[in-house]
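Shared between the two complexes below is chain A, which pairs with chain B and chain C, respectively.
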Partner chain A sequence: MNTRQLAKIAKRIGFWALIVLIMVYAVFPFYYAVVTSLKPSSDLFRVELWPSNWNFDNYISIFSQTSFLRAIFNSILVAFSVVFIALLLGITASYALGRVRFRGRSTVLLVILGVSMFPQVAVLSGLFEVIRALNLYNNPAGLILSYTIFTLPFTVWVLTTFMKQLPMELEEAAIMDGATPWITITKVFLPLMWPAMATTGLLAFIAAWNEFLFALTFTLTDAQRTVPVAIALLSGGSAYELPWGPIMAASVVVTVPLVVLVIIFQRRIVSGLTAGAVKG
Partner chain B sequence: MSTSIKHDDAPAGARSFTTKPRRGTKVRRQRVKAAWLFLAPMLIALTLVAGWPLVRTFFLSFTDASLSDLGAANLIGFENYLVYDDGRWYGVLADSVWWQSVWNTVYFSVVSVSLEVVFGVIVALILNAEFKGRVIVRAAVLIPWAIPTIVSAQMWAWMLNDQFGIINHMLMGLGVIDAPIAWTASATYSMWAVIMVDVWKTIPFVALLVLAALQMLPKDCYEAAEVDGIHPLRVFFKVTLPLITPALMVAVIFRLLDALRVFDVIYVLTSNSTSTMSMSVYARQQLVEFQDVGYGSAASTLLFLIIALATVAYLYVGRKQIQLGGD
Partner chain C sequence: MASVTLNKVNKVFGRDHIINDVDLHIGDGEFVVFVGPSGCGKSTLLRLIAGLESISDGDLCIDETVVNDLPPRERGVGMVFQSYALYPHMTVYDNMAFGLKLAKTAKETVHERVMTTAKILQLEELLHRKPKALSGGQRQRVAMGRAMAREPRILLFDEPLSNLDASLRVQMRNEIARLHNRLGSTMIYVTHDQVEAMTLADKIVVLNGGHVEQVGSPHELYQRPATKFVAGFIGSPTMNFMPAELLAGDANGCRVRAAGVGELALPQNAQQLRSGEALTLGIRPEHLCLAAPTDDNCFDIVNVEYLGNEVYVYLEPKQGDTLLIHRSEAPSQWQEGQQVSLAADWEKVHLFDESGAALTLSTQQAAA
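For the complex of A and B:
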């Protein structure tokens, strides 16, 4: 064996070591949360990489709390409603922005881009006032309304990008047949836009599911909270003796759906994340 | 998050296929009318949740409004920002905690975004290589991005726990430290704990943007470089890096804008400790916990101005043209 072959083998080993390192770095915190959640409270403070005795007490404890079940229900309600509204308003707006030339189009796009860069805190007091005025304080509907501030701009943006790529012959044929713009959207474009809508819907879902600041500020009682707030407040009270077992169990419960979504739809998510930024 | 900034030198991916009937035809007029009709719901929604609240926040910052009674607000001019009274300065701009939070935010943003870019590029280069199981590795890398920030903060808080955390356990096992470190409680280490969590969570985003750019690079110049026997590192700095710079710039601006408004990770990991407090945490504390809507709105307005200024400065310095939905 000569030096060149040796160098080649060393390179391959180094490469795979790096891959393993990246995998461990990415997955370990989640893995460790799963391990912790499966430990009985007596074992909690012994560091181990594999639970020596399996135990589901932490899961039983969080699922027997009605406030946690309510929080899961609220999160699902809010996330699905937000996705539905963002896609509904987004698809019509993106038709207008992607297929029709009109004066003021670039101004509208500039406004959308501007809104997507808003710091959430900058609108906090104004939005608080709006939500109170509409009588939606401490109500999931208030969260659904407020989440459009970050889901709508990027939904419109990405859908506009996809809408532009569709061939114009389709639309010309529809116009020749006398279809109104509404018919053109629902009958011609909608069937073709499903992949793009799935991608943006997924990203909007994840964003709404994970949101914290508005959920913390615009809700007051346990029954109206979403999961991130419920988990953050499990640790509330004193800074000592946090209920780490239940916190980790709750964390695993809310994360598993997302991890599954990511693994199934990773290609879509990647294309959605990069669609706006790279393709232009 | 993923809005588009198109650079001059970005590859012309999507050409516009917008139909252009002749000006003034009936069809065209009908289409323009329909376009505005279709835009209306979105514009109304954005006015309701973004435009109007922003205007109200500006307005409230000049009042003494309190959370318990928003209606009973009196205009007090610039008193929330800066006022000289009885030999002392008052207001957000005279508050040392505010300036501390500004410094914390800037420090956090610069350090974490720099680390994310370096590690993001490394991960992207690896994912760009052909190897078995690449799909699995890519899915694994995406996991931190999908985990809610609150959950990642809690998971890391547990791993960084001073007495029972695995990180102290491992570091002591390796002999790096003699005594456990109170990562999230000590003024010295808590900012690093926050940065650690943020870097872990956002490397995937940077890596994916860079990976998308890498996959569009022409293969032939790499083959040429290999034939000429040029060192891979040299190829990276002379060929790859200049070509992916536009994508990197996009990733950096999104990450910077995100980092400047950071809230969740700091709030959960270190609550309201002043040694890590960001501008968003400061503004929310004034607004909600101290119920001082006027003062909190002033802080929010300053945060908004800082981010707007940072965006303008970045675009000016980078001399990158924002091309809106280009034709």
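For the complex of A and C:
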């Protein structure tokens, strides 16, 4: 075995060691949450990497609370609505911003970008007034509205960039075929924009699903809360006990849908669908 | 099928005047080619006819109807794009059926039209493939099929062959010519390739800087170019230009002195010009004749190109640096480094005045 082969093997070992390191760094907290959620509360503070006996009491306890089920339903409603509204508005806005030439187009784009720069806390009180004025306080619609405000700038920017990359002649071909702008968007551009839509939709979904500050501020009753707030407000047997087990179980339950969604869409995200549109 | 008439058509983008007072008539069933250097406005002119750009001034008529304000779908035109612009997520069948479906055509009619078009273009085997599974020539045919399926009155082609390799280009050129013979529909074709223009066109429109230089059959353009620009643009290798001076002339002919060649008697009508005026003499490479050198007519052969069936001889004059090209059938007796004198088939040369306009033939010559 010569030195070149040795160097090659050493490089490969280093490469995999780095991957393992990153994996542990990224996945271990979540893994430990899963382990903790499977322990009875008496074993909670014994450190072990593999639960010695599997115990589903924590899961049973959170799913037997109607308020938690209600919170999951609210989160699903809010997150899907935000994704739907953000993509609908994002696609139509990106067509206008990416394809239609009009005065002040770049100003509009910059303003949209500017909006996304405000920290959430800065607009919290103002937005609270807006929500009160619209009579949406303690209502999931209020959350949908406020999340959409924060996801739209990103959605519009990504989709506009993507829309600009689609060949101009494709749109002109549709015009020659007699398509109106709406038909062009829905029948020609939408099928080609799946990768961008999957990416932006997923990020909008994660943002809405995990959001805490607005959800805490704009809701009052258990029946209107979303999951992050519901988890934070889980209470134990007494004021001095933090119910780690149920909290971890609830966290695992609400993280799983995100993981599943990412796995489903990851191929969409990476595949380029425009292949074969123009010369190549 | 339809005729197209352009009446003082202008197009202005911001401060740029792209199309300048274009008057043009395209007859029913004609194959017209717009040709010119890049940036001459030929694609813009096609897009004006298609309806993808709005006309700034002037009228565009299709069959006597002014269509300036009609959207593309109501003009009855189909267009083939340079990059094909096929819908990548649709099969060949759906690509061709898309326009028909949008026009709310009955399902059976859609099917029938697509199948007929597919048969003409030999696409039947490919109907269920997606564009990415097709070769360049096949995509090209699908693009034509999509434009034809709606049975437009006019078919527009925007440099359709420029993405294909050389041999496929010749083959597709042939197919387009046969398609025109078969369908007999009005076709307008944009290219910067003069070979495509010469071989395909019934009528060539040479554009330069947004205005029409000359309209005519390929034969007319080659034999009787109206301007120096057309003379230089059509023909390969390009026409030789030499500076010349008018000595005397009237309606029956003229005498000129050309640099390095001496005095010549030419059949052009020079009635409108004054003696001493600067002219340009234009000679096609195949009309040049070479002979042994003389004292006042002497050129150096700087290069000889052998192309198999013909030979190009490059000549450098004693004064001036513009190379002249002589074309003859192979084999050639001439070799690099030799000196020759130059003559020409003087009946066939062209004369251009200072503005670049060609002098017409004298009355006697025109009658003959």
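The working rule: the second predicted complex is superposed on the first by the 235 of 280 C-alpha atoms of A that agree within 3 Å, B and C clash if a C-alpha of one lies under 4 Å from a C-alpha of the other, contacts with A are read in each partner's own complex, and residues count from 1 in each chain.
To be clear about the criterion, a contact is a pair of C-beta atoms (placed from the backbone, for glycine too) under 8 Å apart; a residue touches a chain by one contact, two chains touch by 3 or more.
Source: prediction; values computed, not measured.
K.L.:
Does the superposition put A:60 against chain B (first), chain C (second), both, or neither?
P.N.:
A:60 sits against neither chain B nor chain C.
K.L.:
Between chain B and chain C, point out the one touching more chain A residues.
P.N.:
Answer, by number of touched residues of chain A: B.
K.L.:
Please work out whether A:167 is in contact with chain B alone, chain C alone, both, or neither, and reply first, second, both or neither.
P.N.:
both
K.L.:
Looking at the overlay, does A:175 come into contact with chain B only (first), chain C only (second), both, or neither?
P.N.:
both
K.L.:
Using the touch definition from the top, say if A:13 reaches chain B (first), chain C (second), both or neither.
P.N.:
neither
K.L.:
Between chain B (first) and chain C (second), which does A:89 come into contact with in this model arrangement: first, second, both, or neither?
P.N.:
first
K.L.:
Considering only the touch criterion stated at the top, classify A:111 as touching first (chain B), second (chain C), both, or neither.
P.N.:
first
K.L.:
Considering only touches as defined above, state whether A:124 meets chain B (first), chain C (second), both or neither.
P.N.:
In the superposition, A:124 touches chain B alone.
K.L.:
After overlaying the two complexes on chain A, where does the chain B footprint on chain A coincide with the chain C footprint?
P.N.:
Chain A residues touching both partners: 167, 172, 175, 273-280.
K.L.:
Across the complex, what residues on chain B touch chain A?
P.N.:
Per the touch definition, chain B meets chain A at residues 1-7, 10, 13-14, 16-21, 27, 30-32, 34-36, 38-39, 41-43, 45-46, 48-50, 52-57, 60, 65, 67, 70, 123, 126, 129, 131, 135, 137-152, 154-159, 161, 163-164, 166, 169, 200, 204-205, 208-209, 211-213, 216, 247, 250-251, 254, 257, 260-261, 263-264, 267-268, 279-280, 283-284, 287-288, 293, 296-297, 300-301, 303-304, 307, 311, 322-326.
K.L.:
Quick one: which bits of chain C touch chain A in the complex? Just the residue numbers, please.
P.N.:
50, 52, 71-73, 77-79, 81-89, 98-99, 102-103, 130-134, 136, 139, 146-147, 150, 163
K.L.:
Mind pulling up the chain A residues that touch chain B in the complex?
P.N.:
Contacts found on chain A: 15, 18-19, 22-23, 25-27, 29-30, 32-33, 36, 44-45, 47, 85, 89-90, 92-93, 95-102, 105-106, 108-113, 115-130, 132, 145-146, 148-150, 152-154, 156-158, 160-161, 164-168, 171-172, 175, 180-182, 185, 203, 206-207, 209-210, 212-213, 216-217, 227-229, 231-232, 235, 244, 247-248, 251, 254-255, 258-259, 261-263, 266, 269-270, 272-280.
K.L.:
Flag every residue of chain A that touches chain C in the complex, lowest number first.
P.N.:
167, 169-170, 172-179, 183, 187-188, 191-192, 273-280
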